[in-house]
């Protein structure tokens, strides 16, 4: 079995009386897509925020590539190669698509305090950016302002930015949301190619995609993991069917 | 220091706080709840004071002047909302800063043009003058007690309006997403005109009331503006309760600072430097208070997440 | 795309050239005071260029830049007055009248102030940031008013302008040349910074700091750096302004001053390279022209400003370049 | 030869009333002088009560307009910014009001004349009155800035009784409840306060409401004719030290007061009186010497050979006035509040700094 | 009888960029119409035009017998358009209850009924909507539109980001609303669900309506060509 890249141990986070995540443990191994599913409000996004460092857990610890990252801030974790996409698209609205991705390249490089060379003509930024834009299928829109993108196009930009971080692990919060059949298909293809580069923790409600992609699935309900296993195991699990899948599966 | 003096100073702090709240109440509505940066708030305060002074002098009737202050300020508020502010909601906060800065110039110079450069006379009606004796033998001006009451009443009224009425909820919804509230069928423009006029009327009322024990002159609104902003920000933007608590805190800090600091410093240095240094520190005190509050709680005491 | 960019660059050049030409023509025509006005415009523009870096590019709406302007001014005033009186300032150092020595000190002093104020204020954001910066500036203002050592409210005069090797700083046109050169340098520096990788990060942080963080960028450090730089440039402007008047007073530290610097930036165009230059120049021109029209010229000025905000969103440069500001 | 006069004064903003009176008083004198004033060319500019603007106007008047003489500044901080630089450039400066101590002592200058008073004088007069009236204990109060500190120093220079409290208020403060509470508890027999402009109005109104009835004393500034209508009855009975009053009994003053009322339809203030005197001083010097001969002109000014509305008037060695000071009381004449002279308190009074002036 | 909502050749632009080049569609009383197309084809833009959040540059828009192009957004909403916008757009600092109250207009739908439809909202009445989970926000957006008691419910990707069970509930809800006779215009990516509820479909391609007809007539061939299925 490949080495675990990301190990989460007993993460808990409460908002007042509400336990958004409750003693969650989870691993992400090299080369896999680990899907995290669960009803709305189960705590999936909250979990991702704790992993990326946007939220401080109340207790528990996180190891990434064998080292504890609990003391790192969000930017530090991103530079280590923890890339994330947002559930609600989050881009730099007045930047072009290309500038958005260049920003991610610059951020990943860790050298943001360079002032002498114009960014626009810095091949260290532009070349990788163009590459990732093409990969995400946005090359025709490279010069468009992000604010002018349609919803689906913006989702693609999120993925391009995640790619640009040269990640060692992807945390994708509903990358499929809002993609049409065609776009969704593209993303599915992209993700299955991507997992060779780095493992993916995938939060997604699109079960067709999850069942097609996931190597493992964990189910989070009311902040607790109630089941974890292969696609078939999860599909058959009566508790999961009742609380989440309904008669979809 | 004698007990009675301490009691009186504490009462003064409370009263000054309430006065600040009264001055800030209109701003709380417009700045705190609608999210509009209106530097011309002080000008509306001035409009109220001038309207009151003018009508009171012309008719000899203070209460008519007070009514006039409400009407004049509300009208001025509605007018600038319709002519200027309305075009700026969709713009940057910065355009609001520039436009309302321009309005200050127009209002101040316009008022001078109408009323001249000299301060106007406005004083309290006999019914409100004089001092009353409080339990414990403390003599206290009646008017200051009235300010405490009016401030409290305005606070409660505003709080009820904002949190309990549909109007209040819709205003806050409009502040969060103007387009969306319009798409739900609420005529947000008219709503904003009403709220702005209401905020202006409160500013005018404060101008008239406070002006009658301070001075009514061009430029009287500017120090008020800054103090009102400080008050609202300490309490937390969007919170009426915050504005009230902020005002009381500022009032107490300022009054007690002025009263006590020189005495405290005199233990460490000679009397005359204690007096001047104490006074300088006292004048910086509310800003220090604000900085400390915001550094510890970046969203103000009762503000929602920044 | 390219075309439009060039248009704004041309406008920038034209604005700066207009300022210089005004001063030179006035000098040739013997209109010493017009040169002084142009110098004042250049200095205010420099202060605005400083603020623009924080406000326009970094999205930090500072309502307290008068603090840095005033600190720069007081550094110049204090050094010069000590040099004049011979009273030692620290140890045996008795001030200086050399601008070349005064400027770095002014920039360091205002930079340190910006570091302290920025480090604390940047914990907040939005309107709260506006108000904390104002609070810090007010503290310094009240301190200056009541601190008798350097004149308090009365301010501090130093009668003769400080010196610059090889130039007669008292000649209006020569002093203008100094100020205009520094302004040009600051503009070039701003252009370089904003085009760079760091500039990209700064502007990204302004628009979406959550996203920038997820891209591995620390918004706090990026912002604080810009804030300090911004304070230093405005501080330099303060030192120049002190020398223009040979006088400093707490009015340089007042919130009106902060407001005015902000107005220059907004009037000219937020986040536009030459926005502050256009804004300061127009403001001073209006102030000067309208002052001759009526005693109530401030009302006219207010009306003019209103017209500009309402009908020229994006400031003067926004109107001229006919294009939304691009990040 | 013609004399070009540059008047820098405050015509807009909160303090505009004072500058307008200064200007109007000055112009009234020119007007009344008729042909004698035809040689005077007057330029007036608004300093907005901002020191930097004042400096720039001074630069303009000196560089572009080439005035011979400057005058008109109301505020000390503006005067400090303008006067030394102007005299250094060889221009005369005649002060219609502000006369900070820095320019009266070591910083005096042959081209600088204070036609008004020295800043401390009014406070000294109040102090002298308190002493003369045998007031045992005084509470003193002023804003915390140099003029305020000078004011309390000036008062104490002539008052030798007990000071119960020495309180510095905030500049621009509008609420005085805390200070009034201290006054109530001070056990003082009188309160001396210096609170110019709106601050004074606010204090007096609040004091009148407070039920405290310790008598008030102040310098003339807070009770000048521009302030009184706004303060209203709250100012009644306050004693204030002054170098001029509209009821001073001399022919020049009668002409002035009557002329001012006819011309402008309001009562003149102290600032108007000082502006008027300054113009007359200038005219008197012009009739004796040519301004191009600076030494002669200076000598002519120093003679002070004009009919002052203050009666006796001469210059001391530091070119600051030697004049009488009075205590006035705020009274009501019909419906109008104004001042009435009670008694003179200092005669032929100069200032405390003259000895430091090496000229 | 004329349709409740009728669009005829409408065009619209974002600044200088034209986004709609002629969209025509009609929704009859009680009908459910699906608006379909790939990403960026103009579905949301069409909806923004209908809700009067964007000016038309050409074409005709009629709703409930009135010329919609002449109305502002609030007037249009009061005529009976209930919008569930793309991206939810709940009023972030307001609580769930306040979000609902802000929209409320008298009629059959009230808080009780909305909570019956989405019990989760009932549990979270006092929570600030900013902190709701994605799915909860979506429910709130639908509930809020219902509170206006619309004649035409307009749903822009209303099931996006919802758990399968909830999505099924929402589709069931939509079918229920349809059964009650409410007219609905909806945008969604799920062909299967659309087929189960919509009567009629309109397909957009590059800002133009290129196909419309019965949902049943939407062949796999057409779906492949226009929707990339």
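For reference, chains read A, B, C, D and E in written order, and residue numbers begin at 1 within each chain.
Criterion: a residue touches a chain if its C-beta (ideal position, glycine included) is under 8 Å from a C-beta of that chain, and two chains touch if they have at least 3 such contacts.
Which chain is which protein? Per UniProt: A, E = ABC transporter ATP-binding protein; B, C = Branched-chain amino acid ABC transporter permease.
Fair warning: this is a prediction, and the values are worked out from it, not measured in the lab.
Enter the minimum step count from subunit A to subunit B; a value of 1 means the two chains touch.
Contact-graph shortest path, subunit A to subunit B, evaluates to 2.
Just to be sure I understand: going only through chains that touch, what's the smallest number of steps from subunit C to subunit E?
Graph distance in the chain contact network comes out at 2.
So, comparing C-alpha centroids, which chain is the farthest one from subunit C?
E
Between B-C and A-E, which chain pair is linked by more C-beta pairs in contact?
Result of the comparison of B-C and A-E: B-C.
Which chain's C-alpha centroid is most distant from that of subunit B?
Relative to subunit B, the chain with the farthest C-alpha centre is A.
Please report how many Å separate the Cα centroid of subunit C from that of subunit D, as a whole number.
36
Quick one: subunit A and subunit C, Cα centre-to-centre, how many Å?
Centre-to-centre distance between subunit A and subunit C: 43 Å.
If you average the CA atoms of subunit D and of subunit E, how far apart do the two points sit, in angstrom?
Roughly 75 Å separates the two chain centres.
Two or more other chains in contact with one residue: find those residues in subunit B.
108-109, 112, 276, 279-280, 283
Please list all residues of subunit E that touch 2 or more other chains.
none
Got the subunit C residues that touch at least 2 other chains?
Residues 142, 145-146, 148, 296-298.
So, with touch as defined above, which chain pairs make the list?
A-C, A-E, B-C, B-D, B-E, C-D
Going by the contact rule set out above, which residues of subunit D touch subunit C in the complex?
Residues of subunit D touching subunit C: 11-12, 45-46, 50-52, 55-56, 59-60, 63-64, 76-77, 80-81, 84-85, 88, 100, 102, 144-147, 149, 168, 170-171.
For the complex, which residues does subunit B have touching subunit C?
Within the complex, subunit B contacts subunit C at residues 31, 35, 37, 39, 84, 87-88, 91-95, 97-99, 101-110, 112-113, 226, 229-230, 233, 237, 276-277, 279-280, 283-284, 287-288, 290-291, 294-295, 298-300, 303, 306.
Using the touch definition up top, name the residues of subunit A that touch subunit C in the complex.
Interface residues on the subunit A side: 52, 54, 73-75, 78-79, 83-84, 86, 90-95, 99, 102-104, 106-108, 110-120, 122, 125, 143, 161, 164-165.
Okay, in this complex, where on subunit B does subunit D touch?
2, 4-5, 8-9, 12-13, 15-16, 19, 108-109, 112, 116-124, 129-131, 139, 141-144, 210, 212-220, 223, 255, 258-259, 262, 271-272, 275-276, 278-280, 282-283
Hey, which residues of subunit D end up touching subunit B in the complex?
12-14, 16-17, 20, 144, 149, 166-172, 174-175, 177-179, 181-182, 184-185, 197-199, 201-202, 205-206, 209-212, 226-227, 229-234
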